[in-house]
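Naming follows writing order (A, B, C and D), and every chain is counted from residue 1.
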Amino acid sequence: MATATDRRTDIGPPNYSRFLPPVIKKNYGQWKYHEILKPGVMVHVAESGDKLFTVRAASPRLVSIKKLRQFADLADKYCGGHLRFTSRNNVEFLLTDPSKIDALIADLKAIGHPVGGLGNSISNIVHTQGWVHCHSAATDASGVVKCVMDDLQEYFTQMKLPGKLRIALACCLNMCGAVHCSDIAILGVHRRPPKVQHDGLNKVCEIPNVVAACPTAAIRPAMVDGKQSVEVLEERCMFCANCFSVCPAMQMADPLNDGVSIWVGGKVSNARHEPMFSKLAVPYLPNTPPRWPEVVQAVRTIVEVWAKGARKYERMGEFIERIGWPRFFKLTGFEFTKQHIDDFRHAGLTYKRSAQLRQS
Amino acid sequence: MADSNGKQTPLLDELEKGPWPSFVKEIKSMAKESPMCQDLLGQLEKSYGEKRGYWKHGGIVGVMGYGGGVIGRYSFLNEEFPHVAHFHTIRINQPSGWFYTSDAIRTLCDIWEKHGSGLTNMHGSTGDIVFLGTQTSELEPIFKELTEKDFDLGGSGSDLRTPSCCVGQSRCEWACYDTMQLCDHLTHHFQDELHRPAFPYKFKIKCAGCPNDCVASVARADMSIIGTWRDNIQIDQAAVKAYADGGMNIERDICGNCPTKCMQWDGKTLTIDNSNCVKCMHCINNMTKALRPGKDRGATILLGAKAPIVDGALLSSVLVPFIKLEPPYEELKDLIERIWEFWGEHGKNRERTGELIQRVGLGNFLEAIGVEPIPEMVAHPRENPFIFYEEYLEEGDEEE
Amino acid sequence: MATATDRRTDIGPPNYSRFLPPVIKKNYGQWKYHEILKPGVMVHVAESGDKLFTVRAASPRLVSIKKLRQFADLADKYCGGHLRFTSRNNVEFLLTDPSKIDALIADLKAIGHPVGGLGNSISNIVHTQGWVHCHSAATDASGVVKCVMDDLQEYFTQMKLPGKLRIALACCLNMCGAVHCSDIAILGVHRRPPKVQHDGLNKVCEIPNVVAACPTAAIRPAMVDGKQSVEVLEERCMFCANCFSVCPAMQMADPLNDGVSIWVGGKVSNARHEPMFSKLAVPYLPNTPPRWPEVVQAVRTIVEVWAKGARKYERMGEFIERIGWPRFFKLTGFEFTKQHIDDFRHAGLTYKRSAQLRQS
Amino acid sequence: MADSNGKQTPLLDELEKGPWPSFVKEIKSMAKESPMCQDLLGQLEKSYGEKRGYWKHGGIVGVMGYGGGVIGRYSFLNEEFPHVAHFHTIRINQPSGWFYTSDAIRTLCDIWEKHGSGLTNMHGSTGDIVFLGTQTSELEPIFKELTEKDFDLGGSGSDLRTPSCCVGQSRCEWACYDTMQLCDHLTHHFQDELHRPAFPYKFKIKCAGCPNDCVASVARADMSIIGTWRDNIQIDQAAVKAYADGGMNIERDICGNCPTKCMQWDGKTLTIDNSNCVKCMHCINNMTKALRPGKDRGATILLGAKAPIVDGALLSSVLVPFIKLEPPYEELKDLIERIWEFWGEHGKNRERTGELIQRVGLGNFLEAIGVEPIPEMVAHPRENPFIFYEEYLEEGDEEE
């Protein structure tokens, strides 16, 4: 049996330079400009005059080793075995010979991977595990993403939008998909306070930790049926599930009340407007697997309102800031409710503190 | 200079110099007749020397039947300056818009000459006529004489504070409702709330005729009533042209400063996309002859401004984007009463309305006072995902 | 002796209409436009063609009945006995005969009241009681105002500024001068925790109220020398004096540590930019009566930086937003310190959350 | 379709339809060989039917000597779906920039085929290669084979999480420092912190080469390292002209969108007032051939981003406006260590750096890590007057 001593540890990842195509090694740090040639295809031109062509293809992110081997084969066939993935989980093939581009695109399509996502398009949806892997999920991840992108695919494969549009999904408030700064964010939400499993809570969790986990002080220690446990002041609960994160006996999943919320207008880049958080557009839509039609419809509505109304380069949040939130709600037809009004820590700062109003 | 008591006020004397009118001169001008003013000078000189005030907390002093209107004040240095041992102020409700006749002024002066220091603030920060410095024994006589001349006290303590308003339609072409009339009406209608503190804390109302907000209502009033309109800005194109001919850079200085960039000037015609105008007033302010607010006028009601103690200052926020304001103002008075009712029931001691709203949540507050939530009330919808729901489905419930 | 029954009560203020000049009564609500004719003088023109001339004069706000009678006399002499005061405590004379304007101005000057404050000028300083009347003051009010306005008077009597500039002063954090939304705010500050007068505290104050008054929970009940009193955790105190407001035994005044802070960039009107709070420019300047030279100098520095750099119509806050805070501190030469960084309730929201920075 | 187990997955089958690549197809493609994938399909179909997940909290599982890199996962339905009774994920540290050769991909696939479900995420949200689903007994073998092929695990738990970076200088003309090199360097330098959780909570580092921030560092990393420059934007006026001739509306679309309006286009020459340029990238982004970042390049360091639990989400905020980034990056590593030291000492359990800074105050935090406060760190100075001072003068002290 292997002992600790003959194990290699703490070696870190292989150095990236092992994987760079020669054209990149040669022109590293010497790129001059780039141009988008057509949907999903761009060229970077180096000071040396060398050119690097990138073909970007969609990916469901959850990919099997079979698919990965197909990608590897395509990389061998078209670009000396060189490929990379993007920060939004697309796959990119790195070519030096532009004549091979169309064949590559055809091959990618043949295995079900449309090419696009560059420039003023909707790129891949950053997302998370959902029911495929996470204990915490209030909705599925990959399934919702599939449905939404099936519907929006035209915007991935074409560049007909005013600017970039970035969608992200997280299946619970932990927000592993970091949806909080997305043009459109799809967020799984619980809406029922934890169902405390009094039986044995005491053994799997430390009660003081559970109590401390609650940001609204909704949890307090209690004896239930002679067992040391906790009780939840339900009217104080806003379903963050932080108690569940520290204690499995605080069950949050609840088919009747779990669902999806939709947020809009966040961004990350510093281009034009500073980074912004996304804001609540739709507080709740039910989980309706397998195709989540309500979510798909809501996202499309938002995309279309923006696509139609935004000025060139204007991201969702910039667009809404210009037209004002009242008009956003009018144009989308979404209902404005009590839930849209912040009532957490910094609530007051989101109230409209001026008389600058459009006529309604 | 030595004051008439023979005491020196070398530090204060420095404040008689310089071009700006001097409050020291004002006090000194009374010092001959008024021992109170002499002692005030003495104590103030001492404050200037020692770099600290010498006033004590006031006890409860007032006139019979009223809980507000007088601020009690006593001196720590009552032995050294016996004439300011008591030095209460009286708040007298100003007439709307701070208009007076010379006779009215003289009437006030005469009363104050008889019963107090002869020093005033025209006006206090809330808007009252402030009579600065008298003794407890003088309060009833002053009150009697004031009311005989149709003046009454203003607010203090946990009551409705003296409402105030901008000059409005009496002189200003932009007033979108009659601020002076409304202010006067509300003041008279709510006399009981003004004189008999029964709220959790103070409540201020200020009426501004247009979004220029010349009474700073958005920053200083629990209820800010700000005039506005909901149709199109009135444009006199010939007058616009005259401004351009006169050298105004309309493109840069007017259109360029429009917060929503909803104006266009093509060198001949000024076009406004009124659906995007947020009524900021900038263009109107600077082309007074060419532009005017629309004709369908009313006001925006905002709630909740206050000074920073104890959780930070607040600006008022939108409650009603547009309301018509015509006598007898029933809708508005109704709204005010619903707010007071909820605040009276749920407000903690020393909790202003703005703080209450933050504590219970604007959404819950709206529900309680029976107002629908609308996006005009927020700068933007919430960013955090911590959404409260009062109810949830249980197994066996009907599906939604 | 008068009994309650023969007293007139709850009559409210006299109706304003008793005090309006005839030209106003006639043209009430029928004004068409106005023009500023020269510093301190404007004309309002009615639809009827009638004209109302306003002459605005400075006032120290603290005025004696002698001065008020002088004003009354001037009103009689020039305008049928009609005058008013403004929301910033200036006095305005309301004339119909323009030929009398210059004589009125001369008379006003003769009694020490400069005319001005209209249009793009510095109007009167909204202020409070200070050492003249309030128990709570950390600095004087009228004195500081006098010194600052002596220095800035040229900006009152002339209209040579880019826009309006509004200064306010409050002698303690209660902010009766509502300085929190001023172009320049002068604010008296304590900097030493309350000195508890244990002797008799118990009798003049309710201890639970005192404890509850403290927003930072710095106060707790304690027995001191056998007396029921409170103790202050000094490192938690931020000198708000709220404890003193509810209990005189919590003495805040302290000559060595009290002083003045300066704030900038607030506004109230909705013109162009929405209303804004003022922000900290100078955390502390000592109380240096009688002429507060440090405060006068700091205010002038700010005024001049703005006057020189601002675009037409640009208020202080709009100007600083355009040039950025780093440059504001550079131009004024004010030191940027730890104290400038918010560390209260909503602190994090004031941090710079983007990479949009000017080169330094 | 019935899965190979004979079980029906009618709901999941719906997700094989439509133009977007299907994760269900991916899982099904493995179902023949992998009983794990079969049971995953079964459990997932049940989730789709019942509208809830069936995974339990993971226990502590991992490889010897490491505290991070594996997320334990167990099924509630272990009797119905025994092959996913254990379904742990392994996080493998990706190479900087997510570059691979086909060989490297195949190496990873071979290992995973032998020891797990054959399902992956390329990549996880933090940046790791995620191997989705294996059993405890397979962990050591996988680790051994990975390290033999020069791969190592990524972070999880309260440790340094796997740093990631944008494609940077390898392909992007705007990268203001070598993101891939820095990311690789930091990852290797801090191996111990990455593998052995000893922090109060997780700590993420993301490296973006320019303010476009293509790794969303400002929203998703405790430390966001964003490339920038401090001299003038490089302009090729001929190329600008070419854009104009090509029909670009430079005035409206470029200058008009500049956040500080520091650009001017007179139809011939584009002028930039670089002292007011805030490096937003907009103009450069859209005139790729004409404009380029300056030559004096480095990065802005920002701190503190995180997801909303439990006080609301944070964006990172400026700590160092400009730093030169050249190997061996001593200044940066030093800074990181000072931050960790303070956080390690003062951070509460499950308190991210951003939350710690808010709790202790940015000013105090700066003092503790030895960085001077500068106005670049704030959007604006404080608005509330509640200023702490640690010291005060006592009578008898020297005057300041």
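By our rule, a residue touches a chain if its C-beta (ideal position, glycine included) is under 8 Å from a C-beta of that chain, and two chains touch if they have at least 3 such contacts.
What you see is a predicted model; the values in this text were computed from it and never measured.
Looking at which of C-D and A-D shares more C-beta pairs in contact, the answer is the pair A-D.
On residue numbers, the A-B interface is repeated by C-D, which shares over half of its contact pairs, out of the options A-D, C-D or B-C. Per-chain Cα centroids separate chain B from chain D by 50 Å. Here the CA centre of chain A is 12 Å from the CA centre of chain D.
Counting partner chains per residue, chain C shows two or more touched chains at residues 173, 175, 180, 215, 240, 254, 270, 274-275, 277, 344-346, 349, 353-356. Among the residues of chain B, those touching two or more other chains are numbered 211, 213, 218, 226, 259, 278-280, 308, 312-313, 315, 383-386.
Across the interface of their complex, chain C is touched by residues 270, 274-275, 345-346, 349, 353-356 of chain A. Residues 2, 4, 7-16, 18-20, 24, 28-29, 31-35, 44, 52, 54, 58-69, 71-73, 75-76, 81-87, 89, 91, 94, 112-114, 126-128, 130-137, 140, 142-143, 146-147, 149-150, 153, 173-178, 180-181, 213, 215, 240, 242, 245-246, 248, 253-255, 258, 266, 268-275, 277, 287, 289-291, 312-313, 344-346 of chain A touch chain D in their complex. Those residues of chain B whose C-beta lies close enough to touch chain D in the complex are 308, 312-313, 383-386. Residues 211, 213, 218, 226, 228, 230-231, 259-260, 274-280, 300, 302, 304, 314-318, 321-322, 354, 357-358, 361-364, 366-367, 373-390, 392-395, 397, 399-400 of chain B are the ones that touch chain A when the two sit in their complex. On the side of chain D, the complex with chain A involves touching residues 11-12, 14-15, 17-27, 29-30, 40, 44, 47-58, 64-66, 73, 87, 89, 93-106, 108-109, 112-113, 118-123, 125, 127, 132-133, 140, 143-144, 147-148, 150-152, 164, 166-167, 169-173, 175, 178, 180, 184, 187-188, 191-192, 194-195, 211-216, 218-220, 226, 253, 257-259, 278-282, 285-286, 288-289, 292, 307-313, 315, 350.
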